[in-house]
């Protein structure tokens, strides 16, 4: 139990003291998670829209596959990405292994089905009358997409926040693709894994708190988007 | 790249050959994930309902906290649970460390905010007229909860499926609380982590595929609940 | 009236949305077994009042006594006894059958469910076989409205509150809903309060009409209300009269209000006379020429409700058949309406 | 009529929901600048037809020619020119201002937006200052309906389709909506198709009325339709006549239909005579006694629409003021309706 | 000139003890080469080398290393330092193994069926442990109840042993760290130490350019050279963890 208390104290110390390794990990985490969130939202919103708005044959099967993708273990995704970007892999030339870019790719794959699935199920809930109203007001396809997404913005916020939580906390991809290289690809979560591995539970807790703080700040600044 | 192909072949082998260690891990995974899902849904649905249905002061802040809980790293949760159930911890007497029950507790903590947050944002989307209709038909508080939840069943399914994906794929809690003990608390994800660490990437992929298969079967059997 | 006979007693009710007062009722009693009609323009507060009566909302201020006792939302004594058909009826995402049976099911009253649902559907003119199995979205607007009505009728409630029950319902079904409402009163003594913009229908069903305007109630039934702008220059520009000018040149003279805050004026039906010709020496008497637009029968009282259009104002009068046949009134006929500037009430 | 003057031409249109046919129109033309009223009971297919006309849905079979060309949903040539006010108007989760401006914004037509929204609100009788900033849910039912109407009017569309525009709207606003619709036709030549259950209002605005019954259109306007059950035993039980028995003992005799599948009978207005007394030697002539329920003025044609109640059936006749003043008809007066069993059409 | 960088895969023990954090800045200062490393299990480290994702390896599993070179993946194996393994257990020593030889101790554990934690993760440590069982003439346990396979890192395994009141084999460095986290009063004490067989040899391996033509063989060789240099060997000798010596340099 003591290490929890110690962890709290340590968390404050780490941030105040400006400990380089902590701060580089913080930056790495923020960079990759932001990047992967932007990508996955950019791809996931339109896909989720298509899946939720239209009725077509095989839609149900597509949903089942998407739901299954929600259960891709991070290590599995990490291994798959590794296979592609390892020096001998098909994209080895790009030198993405052990880089933040590599991690961001993996995390995008992780977040995409979450954004898509939750967006789709939110869009599915949209009133039929709303769709009809848009069409009768002369909305084209692009407007229908944007207006629909805006109409269910709270649901999409939930999708984004859930995906963000997933991306922020994943270890498997960061470890496998990033390699947990100090000052380079070490993120907070891989750092936590490392400290915990070393038995420095208090340090693990401290870093965990730092991560939670990041999430808190992000969510706080998003909360103005919430329903009043 | 070869190990991906090898992984596919191996996955089939593992399942057909009835490899004991694989099958015990499969069972362990199914048991803990089922258990934690039941608990987190049981607690998350009512909480999500309350949060989504009612307007009260501080609701927005509560949502921000909940969203932040989505970003609790699994290792962090694992450490916290560990602190409580380790022999020196306040609940050490119960002997929950290195048991599947212990893992289930941690996973419940992991899944609860996901179920709650998505349920809440789905319930929030409910038409005001629907609430009014229920009240005017004489629905009591209990009926309002159950009818509302049933009305948004597709959204709740999405919440459950997302949380399930999270629980099924998490490593940090299973590792920390369960200890990855072969034949006992080794789950598929901890097994993947181990095989990958050993450099047996094909085995990692194979186990990943087994996990994905479980998820697929579960989602397939849930898909009859989907909107037709 | 003994306490038992009074279903509702509203005392000093005020209701606000944000800072805007939308309802202000000092005292209102509704008798058991009565059918009360609510009349008023859009936004006058009809739906708000019905929601308060349904205990679906708590008034910002004041108390509602139900059978002599103050009751609040979710109170078990009223919950299963008062039911409201909302203005935008909402169907649960289930079949029509399940929608109608829902109220009974939560009351754990499942005897002869199928037959009762069938009967309820028939009451609103829908065929059980064709409609019971339909999904909620497989209905036309009027059919959905009628399914919602059936879902209320099946409950046999003590109080049945109907908010625009026949908006988008066809004439035949409007008749059925009227019949069903009367039956609810006659068969199990239900008390009804109904808001509707279809005055003929409303008069054909209600014993008493309440007029609402900007949240205030006039318990004498439908009255003619003229809203501003009003000008100061009366015939005698002494500040004691105001005038309203119509676009066709006609002028209405009105006694100025005591308070400055008044924005509309009520001219009660009883103070308006109808004739075919103008009087010569009129003094201040208003004599407005217009024509009859419609004449409707209030079935129960054998009285005819006539709507007279004065340029773009509509006046409603209640006439007997004697009055009508004497001067041979019919829609299209030109008439003169007369009332004295002092016979007005500012609100 | 040249092709240019025909806005719509529907050819062999059939529409199905699942396996149920809900619309069957062999040929229908709608002229540019005309105002067409759709009349029909609930579920007759009015909303479905309007959705097809709005190109919001594709008919299961058949083609819709718009200005002579076959058009389909999302076709850019019709998308921004045809607009439909749906039966259940839906407001976007934004302010009233944003709701009304939405259509213009997606047309990238943002000049003088504020003023135009203000004007549109005024057209439906809502005060810009009070309403523009309101959120979508801070409106009464009728106010929301009118905001939706304003959102359509501001677009100045070539075709304005209105599905129950005055359900739950007060009388004054109904007048405003009528005015605005007429102005749309007069000012920019809009073509209007309007479905409504308020017949007086509909007649006061439309040049032509189409009656829909079970998906079939009668282009002669409102007709009297009697639905089954019908019995075989006529006065002469020769199989050539059917009868409908009313609960009050009156009997309606009808020529039997040629086809077995017919379920309803149309009795055209022109074939029905009204008088105060029964003829003695009637032969097969139907002579039904009832009373006048309402008399409404069709403003444009100086014709009076009278509704006569025969027990629980309602017949509608169009009478001239001469006819009325001759026999001094007024609501409540007992009358006899006469028509011949052969003057019926089965559908 | 562009600064050159080298990628190394190593085992968790070198990283977790802090040796690399102490050593590598010296290397970078002296050679101007930036060295980045990823610390993982020995198996994965070797695999990363085999896939040419790194340029040099620092590992401690001599038999596997030799096989690796024989398979044509690695090239120059240079032994640079060693430390040793120990067997630890609860203070009350239920199997009475304190002070015994490794083989006797393991036989006692087996016959008493007291809990024994094994990493079972194919790490260098785990490979050594398997060797010890073999050496003691005991068939490799697997499903025996008392043989607990944690599949985790060393420290986690020690923690399991502590919770389960059992024995485990560990490298000395990790044990020192474990002790320090317990404030010098660790429930698990050293039971067996000093046997020759418990030696833990660390070596630097370069990759065979035939297998990995893109790997930076030259730089890797420089690193290998540097590790064997007198300067580096002295640094290793002076490295202390919580005041205790950890590695003994033995480059030839």
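Letters A, B, C, D and E mark the chains in the order given here, with residues in each chain numbered from 1 onward.
Following the convention adopted for this analysis, contacts are C-beta pairs under 8 Å (C-beta built on N, C-alpha and C of every residue); 3 or more make two chains touch, one makes a residue touch a chain.
Owing to the predicted nature of the structure, the values given are computational and were not obtained by experimental measurement.
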Required minimum of steps from chain C to chain E, each step between chains that touch:
2
Which neighbours do chain B and chain D have in common?
A, C
Over half of the interface residue numbers used by both chain A and chain B, so same, or under half, so different?
same
Comparing centres built from CA atoms, which chain ends up most distant from chain C?
E
Chain B to chain C: how many Å between their CA centres?
54
Euclidean distance of C-alpha centroids - chain B vs chain E, Å
36
So, in whole Å, the Cα centroid of chain C is separated from that of chain D by 25
Return the distance between the CA-based centres of chain A and chain B, expressed in whole Å.
17
Can you tell me which residues of chain A touch two or more of the remaining chains?
88, 127, 201
Residues of chain D that touch two or more other chains sit at 88
Quick one: which residues in chain E touch 2 or more of the other chains?
156
How do the chains pair up in terms of touching? List each pair.
A-B, A-D, A-E, B-C, B-E, C-D
Using the touch definition up top, name the residues of chain E that touch chain B in the complex.
40-48, 120-123, 143, 148-152, 156, 160, 163-164
Quick one: which bits of chain B touch chain E in the complex? Just the residue numbers, please.
20, 86-87, 97-98, 175-176, 179-183, 186, 190-191, 194, 196-201
Sites on chain E touched by chain A in the complex
7, 12, 15-16, 21, 36-39, 51-53, 153, 155-156, 158-159, 177-178, 181, 212, 214
Using the touch definition up top, name the residues of chain A that touch chain D in the complex.
127, 129-130, 132-133, 135-141, 143, 147, 151
For the complex, which residues does chain B have touching chain A?
1, 3-4, 60-61, 63-64, 67-68, 70-76, 79-80, 82-84, 88-90, 113-114, 117-118, 120-122, 124-125, 127, 152, 154-155, 157-158, 161-162, 164-166, 168-169, 171-172, 176, 188-189, 192-193, 196, 201, 204-205, 208-209, 211-212, 214-216, 219-220, 222-223, 226-228
